[in-house]
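Before I ask anything, let me first share the structure, which is written out below as structure tokens.
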Amino acid sequence: MARKSLNIGLVGCGFMGRTHSNAFRQADTFFELQQKPVLKAVCSRSPGKAEKFAGQWGYDSSETSWQAMVERDDIDLIDIASPNDTHHDIAIAAARAGKMVMCEKPLGRNADESRAMVAAVEAAGVANMVWYNYRRVPAVTLARQLIEEGKLGKIFHYRANFLQDWTISSDLPQGGEALWRLDKAVAGSGVTGDLLAHCIDTAMWLNGGIDEVVGMTETFIRQREHQLTGKVEPVTIDDASLFLAKFANGSLGNFEATRYARGHKALYTLEINGEHASIRWDLHDLHRLQYFDHADEGRCRGWRSVHVTDGEHPYMDRWWVPGLQIGYEHTFVHQFADFIEGLANGTLASPTFSEALATDLVTDAVLSSAETRQWKSITY
Amino acid sequence: MARKSLNIGLVGCGFMGRTHSNAFRQADTFFELQQKPVLKAVCSRSPGKAEKFAGQWGYDSSETSWQAMVERDDIDLIDIASPNDTHHDIAIAAARAGKMVMCEKPLGRNADESRAMVAAVEAAGVANMVWYNYRRVPAVTLARQLIEEGKLGKIFHYRANFLQDWTISSDLPQGGEALWRLDKAVAGSGVTGDLLAHCIDTAMWLNGGIDEVVGMTETFIRQREHQLTGKVEPVTIDDASLFLAKFANGSLGNFEATRYARGHKALYTLEINGEHASIRWDLHDLHRLQYFDHADEGRCRGWRSVHVTDGEHPYMDRWWVPGLQIGYEHTFVHQFADFIEGLANGTLASPTFSEALATDLVTDAVLSSAETRQWKSITY
Amino acid sequence: MARKSLNIGLVGCGFMGRTHSNAFRQADTFFELQQKPVLKAVCSRSPGKAEKFAGQWGYDSSETSWQAMVERDDIDLIDIASPNDTHHDIAIAAARAGKMVMCEKPLGRNADESRAMVAAVEAAGVANMVWYNYRRVPAVTLARQLIEEGKLGKIFHYRANFLQDWTISSDLPQGGEALWRLDKAVAGSGVTGDLLAHCIDTAMWLNGGIDEVVGMTETFIRQREHQLTGKVEPVTIDDASLFLAKFANGSLGNFEATRYARGHKALYTLEINGEHASIRWDLHDLHRLQYFDHADEGRCRGWRSVHVTDGEHPYMDRWWVPGLQIGYEHTFVHQFADFIEGLANGTLASPTFSEALATDLVTDAVLSSAETRQWKSITY
Amino acid sequence: MARKSLNIGLVGCGFMGRTHSNAFRQADTFFELQQKPVLKAVCSRSPGKAEKFAGQWGYDSSETSWQAMVERDDIDLIDIASPNDTHHDIAIAAARAGKMVMCEKPLGRNADESRAMVAAVEAAGVANMVWYNYRRVPAVTLARQLIEEGKLGKIFHYRANFLQDWTISSDLPQGGEALWRLDKAVAGSGVTGDLLAHCIDTAMWLNGGIDEVVGMTETFIRQREHQLTGKVEPVTIDDASLFLAKFANGSLGNFEATRYARGHKALYTLEINGEHASIRWDLHDLHRLQYFDHADEGRCRGWRSVHVTDGEHPYMDRWWVPGLQIGYEHTFVHQFADFIEGLANGTLASPTFSEALATDLVTDAVLSSAETRQWKSITY
């Protein structure tokens, strides 16, 4: 029996356009999807760019106007992989046009934008999802399973860092197509929305809601040439962002993100300490989970380095054989496969727009706390 | 201008059929191939299996007779991913039919088979390649670059292990479709041809030819149920294989492979020690290269853990951004991209059948040495 | 020529009494001390305990009253290794008696006590030192050298944790001889003075003064049996303490200490990120320094794991041969050897009482910030 | 009640003289020895050297003739820490004089010497021990406990390396006081007796006897200036030595030692793979044991990094608190404490001369195999 098609229209041909497109293709080969993803159209403002991308990735057609794509009858789902300042308008238009919507994180540039986006998809009753891909690293999904099963017991501490070093040079310009993440008007914020948002999303998924925060941000290099104007202009984003937090379950949080940590390319590290066990993970060796179980016999107790590549590990039965690791892009494949499965089950894959809004509420509180030098409570 | 097509006929729908098929698809998306790979046909002895595989991977057609596939005019290249006992006949028939031939390693079940295969492709003048995929792990390719540039200086030692633990249970049967690697009649040998062959291929690529060896093999579990006969039968393969070697450049080799190393799933480890620098790598963290440079200032000298994910690292400009690792299957993608580039350049991607024969000469010598308890010289 | 003797009177026979005593003995064997340390007397309140300790460690005599020991003419130096609530009185009395004073950290239970102690030694003009032993881990001393030489360039981030897990059980009592660290009246505070004090001392030694902090503390288990009263009583100490900081040089600090981090025994970790290089170190592998130098050639750039055991590494020419690691207690040996050398040079070994006071000012600010939920500035 | 004294006469003031002397002193402080070690005399051929050493380490007297020292009535035990070519004569003379004898490893320069030494101590009925100190690394002792308890089950593989890099420079001379290990006449052999002997001793202690071996040795730099003659002379020792082995229990051994492994200072690594569990350890992080237990739940199974610093770990109740590591020299302290305890128990601490002879039989066989290019059986 032929599967139903799911016609996808992608907005954005950058880094995330590539990871999403790969996910659509690979998920259909490695998973048994109930619907067949069809790469129907891709859209980019720059003429020629979408066309070239369509050729490379196998999209049937290309567009230069997302508005036009949103209106097309032959498209079931709009996937937003364009810069943050476009998320709000595209998502709301897509929802109003009755399309399913998937959106790259963060949802909006701030919680106000995100709230409107949530309202739109809920009013329209359309399926929706935000690409917080790190939840689908098999090691992280395994961490979630172990926590859900109670193996850690009462949680005392949660610690997460996201450390990069690519903006240390003062010669690096800001803004424009390649460097919009350094332009607050486009990105919404600096590392807070770009990197800490990942840490917060995973943290709340693993450890529940955050009640209050106190934060500190810094912009180390205060002015850079702007690629759009060609002039040296003030840097508007936060280069580093740190905060302390109290979780609803009583545990303490310690979060930090920066693009000035020499030696770290994309070192997202998390650790959670419970009464009975602890877990560590980092993105530079994403196929490993560090696990300490206090129930082990004392003499032989130690952190276990679990090579998360066995058939019994989350998602890994779909790939190769034990010992053979997967990479970064697979996390998107997993998330898309879960999205399709969610459509079949009638349960939306997590995080939905509504769930992702919670992260934006925390990032807003962090930025506000840094500005006012006060603790901030978060109401969801 | 439209690219020329390269019509591929794949034999075998198992583990290697999957890695090769993925390579054809991903290479055409992530690399700019001069020819367009077309998945024309897939062949499996079991009716239905090839058909299902074709559906999943996007092959245009399926066959149950490799002989029939080899005769098809619409196929340019035969890719052999079926068990070792089929390599010889298929490769020779394909060469005689004027097809290019790619063959999963090891080339033949022994050097005699391999020699005949080399003769066939050379007589036919067809392009050919053997899938020793670990050469195309970016970290391993980087190792080769550093060695070629002379950074290590004179080489003293080469050490390689391939450690697995999946056959420790005596309840595991042998033979049949899933476990043919445990059946000498099909596989040619045990870990010597399966695992040590990888170690030897990389070793000779990095460090030149091996002159002589002394080896030792063991079969720990001497009889197992055979899946084809249903009877308990003697185990014919080697479970473990170790050898000492002298390289032509005067360095000393130490090689070991086993499927009885509890705790290791697929731990292929190599180390090379030179006068000025040393290199280590292992498959369980394939995206890292360990590098020690004696030229570093003494106080700060130490093994560097290089996260091989930057754009300047081999092949990595094709994938994501620094810090984001790739996985096992990418090594096949790289090798296929190199094969296509070789066709355009007129230089066959390495290793060719002829180059891969050298590895079989060493494995033959190891097995012979283990049997006769003598040192064995190797003549290429 | 006979060396001058330095007659030592030790107060306290616990864990720190042992580390200091070992330091006196080993320093005289492994270093060429300008003065000969003589273990003259040891003092403990419990009769019999000091006597037994004297026998084991080679002290000439024992006392049960520190006041008596301080008055002895045959003693040149009072070393305080008794619980924190005794530091203030003993140090001041010793200074007034004209003795040199060495004091285990933290100096006082709070900055007020410490300030009085500083005043006393300065008024008396006696040599003084506080045992912040981790400065003398060879890897940490090496870190200081590299930073002083400018190898890191401008500093952006400093991060330190001190993670333990020994108080997680609610069955653990508090107070008394063995567990006075859990009793605020004796210890002054919980992990803030016990563990964070180490992190702060090293941080300011490596990265300069801290200008302001915002902190958070928690007491996870709110009541425990008290060993002295035998009753269940409120727990008065902080079990966990975290703070964010701004250093005078503009860098950002992130500090955390806890005794509820399952899986970590005494994991003191520090990291410092500079423009050109970064450094990491941790106490669980204290003989290694992690060093990342951006000046390394890009392809081969990675964190170097420096095995700090060579003759050119700080202090290591005194011990064994390259590759052979030293342990925890050696840090005290080094500090004592430096103290003696400082006496000969006329430059007091660091940290003096005055320098150690700075750490207490920071811990006081952290505790105050946690209580008032405000940022606190520190004036030295 | 006063303890009985044990009057020690040490021969040799080099590296090993220091480690032994430290052991005598520290054992008496950290362990509760039934006899009191008294540092009675130290002997060195070079006048002045023994005197200086005596002053530094607290020996009562010094000698320049070991023969004289052996005859002294006030000495109970002769400890041999002088170059290998002196072991035989001193040990036999000491035994004949009725002294207990402790000897640095290897026992003799070859098995013939060792056999005579065994005969002498057995004829004299004197206590005796060889300093194979790595057995008393707490992590290695723990490994032995786990193996003895059957936690590994049937053993399949034993692997050991001892890798150094300090003789790579061709400018390094050979021979003389500092470099006698490079002179076969003095040392007996090169890395085989110096480094492999350690690997073999531990291997047979953990895994039982070795039945047969096939080996290969190499001398990379064939001539060096000799420090005694001042002339360039042939290098007589083996720079590298590798062998394959069969243990009596059916497991396979792989051994390698070299001083040409750039990047490794003293990397003694061992691994043992059993049916149920595996163990790894290395000297560069000697306070850790890697342990893999297949009985762990599959999802969370991984190599455990055991920080061997708890009170329940072998010997560690004598030192500090959990998390605080010890160093290299402690292994000698442990061995000496065991020796004293053995005297009290009437059971000689292992390895005795007789047990250590077994190692020399294996090293002789390895060297003979390398020369004859034949497998060699070993009869104990």
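Just so it is clear, A, B, C and D label the chains in written order, and each chain counts residues from 1 on its own.
In this section, a contact is a pair of C-beta atoms (placed from the backbone, for glycine too) under 8 Å apart; a residue touches a chain by one contact, two chains touch by 3 or more.
Bear in mind the structure is a predicted one, so any value in this text is a computation, not a measurement.
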Chain whose Cα centroid lies at the greatest distance from that of subunit B: C
Between C-D and B-C, the pair joined by more C-beta contacts: C-D
Computed distance of Cα centres, subunit D from subunit C, in Å: 36
Subunit B and subunit C: spacing of chain centres that average the CA atoms, whole Å: 55
Interface hub residues of subunit A, defined as touching at least two other chains: 264, 288, 303, 307, 310
Residues of subunit D that touch subunit B when the two form their complex: 152, 156-157, 159, 161, 163, 165, 168, 214-216, 218, 220, 240, 242-244, 246, 250, 252, 254, 256, 258, 260-264, 273-278, 292, 294, 303, 373, 375
Footprint of subunit B on subunit C - complex, ascending: 142, 145-146, 288-289, 291, 293, 296, 298-307, 310, 312-313
Subunit D residues touching subunit C - in the complex, by the definition given at the top: 15, 19, 22, 25, 29, 56-58, 164, 166, 264-267, 283-288, 307, 309-310, 319-330
